[in-house]
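Let me give you the structure first, and then I'll get to my questions.
Here the chain labels run A, B, C and D in written order, and each chain numbers its own residues starting at 1.
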Amino acid sequence: MVKVQVWGSLKSALEGADEIELDAASIREVLDQLSDRYPAMDQAIKRGVSVSVDGRMYANSIMVPLQPDSEVFVLPKLVGG
Amino acid sequence: MFQIHVSTSINGDDTEFSCEADETLLDVLRDRLGLTGSKEGCGTGDCGACSVIVDGRLVCSCLMLGAEAQGREIETIEGMANGSELHPLQQKFLDHAALQCGVCTPGFLVAAKSLLERNDNPTEEEVRYWLAGNLCRCTGYDKIVRAVLDTAKEMRKSPKTKKTAAKKRVKA
Amino acid sequence: MNVISGRIPLQYHAPATLKDAVNLLANSKGKTQILAGGTDLLVRMRTGFSEPDNIIDVKHISPMCKISRDGKGFSIGAAVSSAEMSENAALLKAWPGVVEAAALIGSTQVQGRATIAGNLCNASPAADSVPAMVAAGARALIRGPKGKRKVAVEKFCKGPGKTVLKKGELVEAILLPEKPARTGDAYLRFIPRTEMDIAVVGAGVCVTLDSKGVCTAARVSLGAIAPTVLLDARAARTLVGTSLDDPALDALAAACSAAARPIDDKRGTKEFRIHVAGVLARRAAIIARDRALGKS
Amino acid sequence: MNFQAGKDTLKRKFDTVGTRTPRPDGLDKVTGRAQFGADLTAPGMLWGMILRSPHAHARIKSIDTSKAEAVNGVHAVVTSRDFGPCPDDVLDIRENVMARGKVLYDGHAVAAVAATSRSAARQALKLIKVDYKVLPHVTDVDEAMKPSAPILNRKLFTKGLDKTPRKPSNIAERFEFGHGDVEAGMKQADLVIERTFKTEATHQGYIEPNACLANMGSDGRADLWCCTQGHFMVRQVCSALLGMDASALRVTASEIGGGFGGKTTVFVEPVALALSLKASRPVKIVMSRSEVLRASGPTSSTSIDVRIGMKKDGTITAGDATLRYQGGAFPGSAVPYGAMAAFACYDLKAVRAVGYDVIANRPKQAAYRAPGAPMAAYAVESVVDELCKELNLDPLDVRLKNASSDGSKASYGPNFDVIGLRATLEAAKAHPHYKARLKPNQGRGVACGFWFNFGGETSVSLNVSADGTIGLSVGTPDIGGSRASIGNMAAEELGVPHDKVRCIIADTASLGYNDVTDGSRVTFASGLAAINAARDAIGKMCERAAGIWGIPVDAVTWEDGAARPSSPNAGNHEPLTLADIAAQAGATGGPISGHCEINAEGAGVSFATHLVDTEVDPDTGYVKILRYTVFQDAGKAIHPSYVEGQFQGGAVQGIGWALNEEYIYGEDGKLQNPGFLDYRIPVASDLPMIDAVIVEVPNPGHPYGVRGVGETSIVPPLAAISNSVSSAAGVRMTQLPMSPPRLLKALGRI
């Protein structure tokens, strides 16, 4: 199972859970499941998120494959100067 | 529109143009003569990107009317190299990576040339104060100051370079 | 294209004589501006603060382009740039404070064009060269339809942007006296950067010492702390009769701070200007004293 | 052939990479030939100019353009009516480029004209009559958050709260990051310091004002030339705003005279297109400096509370911050990135950062070099410095003790990969600067900084010419020498001299999509794509060699710029150089090129440590920068000169921000300093040389180890200078800029 955490503001969207476990093989599957299960997450994901997988940041890639023990962190969409 | 007819010399070339009374020399250079090497960064004499030399004196072309060019000798960045031979400052700016975006570079080169024509052995402080009217936002000035000091050193070593670079075109 | 607004396009004039310039100025319609260095005028035009109908370029009038010296002192033509002033060895030797003040106006590029007469006519309380001219006892030589007149620089400005010039009048030259013996002048200003700023506060000091180093005459001026540059007699009196020692300098600083009646604006606060007016006057007085003693 | 980044493929020995080669655009830039945004003209071109609001907040009751239209020489006038419906994600941009119903800040565009001369355009602007109903305004971030503040947008309800509020406010969103029990952490501390900081808005201050030349025909096709950090972004946004097919708009990026994040969006481009469409003529718009300052995208002004607990041995037990950023009249300030970056330099068990995105009557902020991070680092690093002073601890030792390191959990959530913070701290500690003596009224400041760095969508095309030279097309505008670095990486990979590769910025019709030049991504991402494109071409050249030699392609290797049989078993063939293969390309199968289209991932985060010495004049509050040294991890410096240039430039922008730069608004809500006279960026005489020390801790996500370097360099300076000045003055400064009046007041002299 993939461990998924979200940034602080969205913790309430996960209905109080600090971290949840999902059966997902890619970032896309993680985001799809979050959207399906948590309406508040769905809104945030539609506005754009960046995802860190095992310490590496993915700005907007969703096809990234996950290992069964991957740690996934969902963050606001990043911009730069 | 009422136009003023002006005869002048630009980089050694006799040049005539017509302009309106409120046009600056910078407007004339860029929009009427196609000499877009001089840049407008502020239009108020605060950034030096439009620096040119008029009768041997460094000025902001945005703070001079086109009409005032009558009978003057004007040098711009376009006249700095002698054909394919770069002025030593131009070469040193390249060697020292003294430019990033490059939009302030023409102004710095013209201003630095004016400095070295007056003072062939400036201190770092003199370079910094002379160039204080030329704003650069990319480099933090470090490599620009080094390039100017290094050019001065090289020009002192070989006065020949200096002469070649300073050679004026014979008027037609 | 001016059909709609009805505005007549700007006219540029470059008279060759003072007489022509005065005639043009007296007879022109609409708003007429003198163009010397242009470093204020072109900025005002660019930013929409000034929309003249006529511009009279005075740089073709040869007497206005010269620095001359007779037995009574120096005459600096109104079209002489501050760079030219810096290059004039005699002027620099006599009035280093005035020359240095002129050399503080803007960048190298601006100094190639800017003039102290223009700096004066612009009538900004923060003009760098004005306190220095006031301290040195400079006068403006004014030419108009009725002839010449001379006005002390400290009486030239009536308020921000306002001068004593009447219709048809222009400044022909700035006159500086011959420097009396054992006299030194200095001007200092405060700006947040090292260059390119308008003075937040400025202070000019000119002192004459006797052979024992005691001050016999002093003029102290302050810039950017009132609607016009101030010549402060009380501050000057703190120096007279002293050797400009620490107590005298402290009294000078206190007098200058007391004389300052500045405003808060984007360049500095009231209390900052009041305090720094004293600091600068003190520092300028030391330089002026050392110059009078021939130390620098 | 597709490259998979990994530690095993990290290249360590280089020929071209790491050398200081001349830049390909250098000659044009020292001779005045380079063409920037305002330098192009077109036959029949008109001058576009924009009328801007004189009010900070007002309702537009009516706009009458009839007199302007009647001016001789005027060919088009546009207002918001000329911009139709558009997708939701560009609605705010549509309203920002041309006010609709309301003006939201001093300088907000309300109408535009195109005329045959600038004087005609100026005249026409004066004849546009706008009837305003002036509304109350607010420009300060703390004031804007108050319930009594004038509301800018009645439809704005704070997001990110457990319950969406019923009343509208100027608070667009709340963000929270962190982990652990902050209050428990504070209890473990021997000393807790809490401070509030304020920073004023600054501007990127690029020397080239925004400019563009638009040419749109009645057939709906258009060409646009502009100075931008991302011409594909310009195409996307402008085509959406004008209801065009993206492919109908070709955007060419001019040389760009600085951007620093400020040119990652559009201002004048859609207006020029609308004017051009209406006039059926090319239209050029060049912003004046005052327009740039009033109406492009400065950074946020901020108000930040920081509370940090520390043990006597220097261990940080907890960090807590609340950050309030106003980002102008529309939501989208950089506060989430500030909150994420605030404590990123520290490995903390308990940390929390809460951010509020606030709107106010100021221009819509744009990115500025590590957007949001410098202010956050300023607040946090100031408190860390004060704790070190109070507990009598060395500031570098304390940072080394608490520094984030490989695998540690970042304050914003994920775990770090391989990072170089510790290496920069150790380099600083060993540097002579740290041991140099100080005189009275002088002080030394230390601070660290972090930035994420991005990869992103990137497309590169590499063409092998018949003579063996290489044309390399990239789609990321070159803002500081990236053509040199990217070309050098391709040359390195191909094994040819750097001057055989010519790197250009291709237009939007010639290349696949590219994200903007931002996030310090170009040398990383376009470099990665160029390496991949080179490998793609190498694969094809190996195939040609295999064909010529009549051996299988897997028996061919590429080494030192030539195809070679991979072992003696493959036969005895003389190597075929790139030029040999290129010369026969037509006959052996046609032209050879390599491509790479990727969403580049694996950008390594970046850290820096700055050391600065200052001297304070206690009588005037003037601050002199005496000495400055930057230590930053570049991963691998491809072109060391331009890496140093990024370090130096960022540090000096930080110096300006710390000491003198600020947006000054009057009581009337108008910007009082819209020019370089009073918006005071550092000049040459203000500064010493800026020493740049390049630290290299290779990024495992890039074949050469590259990390972005552009942004991190502006993160530490605000704090480093404030710590230095506070030390020199003997008083803690908590507001930027530390202008002389503020410093003199803090000193108690006034």
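In this section, a contact is a pair of C-beta atoms (placed from the backbone, for glycine too) under 8 Å apart; a residue touches a chain by one contact, two chains touch by 3 or more.
None of the values given here were measured: they were computed from a predicted structure.
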{"item": "Far-end chain from chain D, centres as C-alpha averages", "value": "C"}
{"item": "Top chain pair, ranked by number of contacting C-beta pairs", "value": "B-D"}
{"item": "Centre-to-centre distance between chain B and chain A (centres being mean Cα positions), rounded to whole Å", "value": "55"}
{"item": "Approximate Å spacing (C-alpha centroids) for the pair chain A, chain C", "value": "67"}
{"item": "Euclidean distance of C-alpha centroids - chain B vs chain C, Å", "value": "29"}
{"item": "Where chain C and chain D are represented by their mean Cα positions, the distance between them in whole Å", "value": "44"}
{"item": "For chain A, residues that touch 2 or more chains besides their own", "value": "none"}
{"item": "Two or more partner chains touched - positions in chain C", "value": "1, 47, 194-196"}
{"item": "Sequence positions of chain B contacting 2 or more other chains", "value": "1, 20, 22, 43-44, 46, 129, 131-134"}
{"item": "Of all residues in chain D, those that touch chain B in their complex", "value": "20, 22-23, 25-36, 38-39, 41, 117-119, 204-209, 255-260, 286, 288-289, 479-481, 641-642, 644-645, 648-649, 651-653, 675-677, 681-685, 687, 689-690, 692"}
{"item": "Chain B-touching residues of chain C, taken from the complex the two chains share", "value": "1, 9-12, 14, 35, 37-39, 42-43, 45-47, 55, 57, 59, 81, 83, 106-110, 112-113, 194-196"}
{"item": "Chain D residues within the chain C interface of the complex", "value": "67, 70-73, 117, 119-120, 123, 126-127, 290, 619-622, 659-660, 664, 672-673, 675-678, 680, 682-683, 685-686, 739-741, 744-745, 749-750"}
{"item": "Residues of chain A defined as touching chain D within the complex", "value": "5, 7-9, 11-12, 52, 54-61, 64, 71, 73, 75-76, 78-81"}
{"item": "Residues of chain C defined as touching chain D within the complex", "value": "1-5, 7, 47, 190, 192-198, 200, 266-269, 271-272, 274-276, 279"}
